[in-house]
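Questions regarding the structure given below will be posed in turn.
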Amino acid sequence: MTKRASDVSGSPPRRRSTYTLAPLVLIAANVVLFALFFVWPAVIGLVYSFTNYTGVGAFQFVGLDNYHNLFGDSAFYDALTRTLLYAVLFVPLNFAVSLLIANVLVSKHAKGTSVARIIFFIPWLLSPIVVGVLWRWLFGENFGLVNYFVEKLGGHAIPWQSNADLSLLVVVMAASWAWTGFSMLLFIAAIKNVPVSYYEAASLDGAGPWRQFFSITLPSIAPTSFIVILLNTINAMKEYPVFVSLNNGGPGTSNNLLVQYIYQTGFQRGQIGYASAASFVLMLILMAVAIIQLIVNRRVENR
Amino acid sequence: MTTTDTPRRIDADPGRPVSKKRSRGASSGGLRRAVPATTLLWILACLYGLPVLWFILSSFKPAGDLFSYPLTMVPHHPTLSGYLTAWRSANFSQYFINTTLVCVITTILTVGASCCTGYALAKYDNKWLKAFFICILATTMLPGEVMLAPEFLVVRNLGLYNSFAGVILPAVLTATGCFMFRQFFLTVPDELVEAARIDGARELSIFLRIMVPLSRPIMLTLAILSFQWRWNDYIWPLLMLNDPDKFTVQIGIQSIVGAQNINWSVLLGASVISMIPLIVIFLVFQRYVMGADINAGLKD
Amino acid sequence: MTTVGVRRSRRLGRGGMRRLVPLAAVASAGALLLSACGSGSGSGGTAKSLTFWISTVPGQDAGWKKLVAQYKKETGVNVKLVNIPYDGYPTKLHNAAQANSLPDVADVPALDPIWSNKLIDLSSIANNKSYNINGNFLAKDTSGKVLSIPSDVTASGLYINKTLFKKAGVAVPTSPSNTWTWDEFIAAANKVREKTGAKYSLTFDQSPSRLRAMVYEMGGQYVHADSSGKFSVDAATKKAVKYFVGLNDDKVMPKSVWTSGADPSALFQSGDVVAYWSGVWQVASFADSIKKFDWASVPTPAQPVQASDVNSGGMMVGFNNNSDAATAAKKFMSWVYDPKQYTELVESSGFLPVESGLSPKYPFTSEAAQAAFKLYNEEIPLYAPISGYFNNAQTAWVLKGKSLTTDPTKTELGKAINGQQSADKALQNIVDGYNQQVGG
């Protein structure tokens, strides 16, 4: 394989698009894995979405019934809008905080970065169930630390759990806290790749830290910023475990996001067909979001 | 080989001495800059650290003190009983070996496969590569629950049930990894590749000799990510492995969470124990990422 | 020499290690894939070696461990005990059935249609007169085949903060024969809360089973099927559920438990809640963890029905993997249910026995725990037959190939308490959910 690839590329350089074998060799392993562990099961799932499969035994094809029912269910739209709201809140917050932290950690001026780094990293290692108990300890309505101080200072307990919007806000904060480690790692690697000479040139020109950040760091790490935004958007729209452990989609069902909706109305009631249909709709929504972001990103890059 | 160096030396060489000068300057007259940066760092660290501190201190509390009111931060009667019960509750030493094995193999495969794919996606311009990039992103878009049952059938049909391969192989392809390498290689100037081609270097050796070493910080970063993902995997290893001698750490930890009640002090102790290897990996790898002095202009 | 990357690439030159890594990775991925084919596992044990799946939290598997070791000593048969986490256990059984690798014996939380046809008939154990196994809790199919025997039984249990009651000078009933009604109990708890300044009168597990028990005690049947299998709710149930929803007013009960999953056990253990409606399994953990105040189990309320929701704690089943292993599995289970061994199991696991006529001595040092177990062992025989309705109904559904994967009660009542819908509408939705999943 390698030999043949090099034969092609061994000839004088051509335009990039003329290489076929080399890229094919490079992606071969992932193509095989993709076909085996994504396409194959996804096709099975897609077939289920047109049936009334319950997880056991035989099933009948029901055409587009599952999709039809899904689009007729108002709970689905509630979940969808709540999911979009969550993503809109979570992605920018996580982006800003992680980028700030990564910058401070890389800065040569800050002292004690090695200890601080562990503090920022640990939340990402915690299982959702532990994140849940930690944030309930902070924002529990009845016995939480924040309300403890609010009441000590003479205020009224804030309904962190029984008010739907505050409850969502707590999850946004908790999730940003927990996901910082991930985004921060990507940012650190990207910032370390920015050539130091750029900063030196800017320093000589008398640019302060803010100018340097906006005119050097931010443009140079743009490709990584794009990863963080796109992946965090997808992850946010699939968020489920943190909600389960923090407020169980509550109060009531007001903070049920799409995956929880799929899980509760589909899998837990043995409606695998319906759950599969909803999952593929979610996938289409995410695909649309991703493609829009890719197009916007290309426009920005080419500007 | 020499030609590959040429375009980089131009802007890298003058950078080097200045950089030394600057770091010296920072240590002598940098106090004015150190104060705000350090203050900001530690304000953030305190905000982030409060739940972390409660988490670690609470793991030393006996079960009865955990939810007592008024709230306490510091354990009155510190105890290791949570840790001991957790450690004894399952065959954790075996689980650690198993999990380490799975994590190391998966991480090596993931980094290798992602590096190859990411490079191909960034440096070759074919329609089908663009399509494959979208395909890779699509793997993140279905909820795990919907894939679980069909994926189980597939892996069973491949004869991988109850083997580590059944845990490892489905986890190798990650969109995050391919994406990270793609974005990184986009910042590497095409001129570097072109120059090597003019020199007569073969395609794959350009990749292996020039590109792979350049991407070391990304490799290490992805290795940290991949290690964390695999270390914390729970439901897939549970379904895939039938033999308790093959169980992983998370299976042991999850068994602390019962049907009706959770012994929080044991769970917190177990969580701390399971976290230690990840922190060690993080510290070691991060040191290389932070220490890698990639001063050369990668983007012109 | 200008950069790490370039320097390294030159030093390595041809044949460097580093370039081999990705290639090796790709190659070994392929190799693993090939070599792993055919490494499937055989199914089932042998006459001398059995696999036994259980699901318990740390410390509570002591009873099983002891029995298994003893069995090995007496018969030479090796029983491999595997503890599977509760979260994921049903899925694991489901998938193991598909992969043809079920254990030989298991203590499962519920039956599943996908494997219920692979079960061994346990009637010879269940009908053994000397074992005195309570027939109400067996899972039987229409032909009389016994599919499972409970490992133990569980019931709802009412706990109070005895210190607060004492401080307020409010009395509690001392025996099941002079128990209180729900109204009397709530009034007493409110009085204690007001007098002592506690935060809430009661926390109530977010569990359909606990609600069923309360409805039964108030004369209702909760969601009940008629002879045609169609579900409905009676007037007493509607009244009881409305009463329950009303109790969630952030004074008597905190709303956060049923609306957003707050931990009622943690709230009670804080010492600032007067009472806690949960289950018998809390005794062992309270004996261990509550040190700040005195707690006690008190008789379950009766208004006027003396009832509870009694379930099998776990269901012991045997799988027919091969005839040798099936025979050995049945022999092992028969040995476990022998009153001599079963008493040991009950004592060291803190179980309520499914066999009558035992007098287990529980190893608790806590007086409250000893008193609690004494109370439950007295109370369970007094409960009305409705108490076992749900347990039996579940088995019947599974044998019809259906299962109530998730009771809609939690979600629907959460919405009602949150003010998103009325209690009656919630009940209507719950009935619809039952009809859709297990009706007919």
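Lettered A, B and C in written order, each chain numbered from 1.
Here is the rule we use: a contact is a pair of C-beta atoms (placed from the backbone, for glycine too) under 8 Å apart; a residue touches a chain by one contact, two chains touch by 3 or more.
The shown structure was predicted, so the numbers you read here are calculated from the model rather than taken from an experiment.
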Arrangement of touching chains [line / ring / star / complete / other]: complete
Pair joined by more contacting C-beta pairs (B-C or A-C): B-C
Averaged-CA centre spacing for the pair chain B and chain A, given as whole angstrom: 15
Rounded Å distance, chain A centre to chain C centre (Cα mean): 34
Junction residues of chain C - those touching two or more other chains: 23, 25-26, 29, 33, 266-267, 270, 272
Residue list for chain B, restricted to those that touch at least two other chains: 12, 67, 69, 112-113, 116, 149, 153, 158, 169, 172, 205, 257, 264, 292-296
Set of chain A residues in contact with two or more other chains: 2, 29, 33, 55, 133, 143, 267
Of all residues in chain B, those that touch chain C in their complex: 1, 4-5, 8-9, 12-13, 16, 62-64, 66-69, 85-86, 88-90, 108-109, 111-113, 115-116, 148-149, 152-153, 156, 158-163, 165-166, 168-169, 172, 205, 208-210, 212-214, 216, 234-235, 238-239, 242-244, 251, 254-261, 263-264, 266, 292-296
Parts of chain C lying in touch with chain A, wherever the complex brings them together: 23, 25-26, 29-30, 33, 94, 112-114, 199-200, 250, 254-256, 259-263, 266-267, 270, 272, 401-403, 405-406, 411, 414-415, 417-420, 433, 436-437
In the complex, chain C residues that touch chain B: 2-6, 8-10, 12-13, 16, 18-19, 21-26, 28-29, 32-33, 35-41, 55-60, 80, 82-88, 91-92, 95-96, 98-99, 101, 109, 265-267, 269-272, 278-279, 281-282, 285, 288-292
Sites on chain A touched by chain C in the complex: 2, 28-29, 32-33, 55-57, 133, 136, 140-143, 161-162, 167, 244-248, 250-254, 264, 267-270
For the chain A and chain B complex, residues of the former touching the latter: 2, 5-6, 8-10, 12-13, 16-17, 19-20, 22-23, 25-27, 29-31, 33-34, 36-38, 40-42, 44-45, 48, 55, 97, 100-101, 104-127, 129-130, 133-135, 137-138, 143, 145, 148, 177, 180, 182, 185-186, 188-189, 192-193, 195-198, 200, 203, 209, 220, 223-224, 226-227, 230-231, 234-235, 238, 240, 259, 262-263, 267, 272, 275-276, 279-280, 282-283, 286-287, 290-291
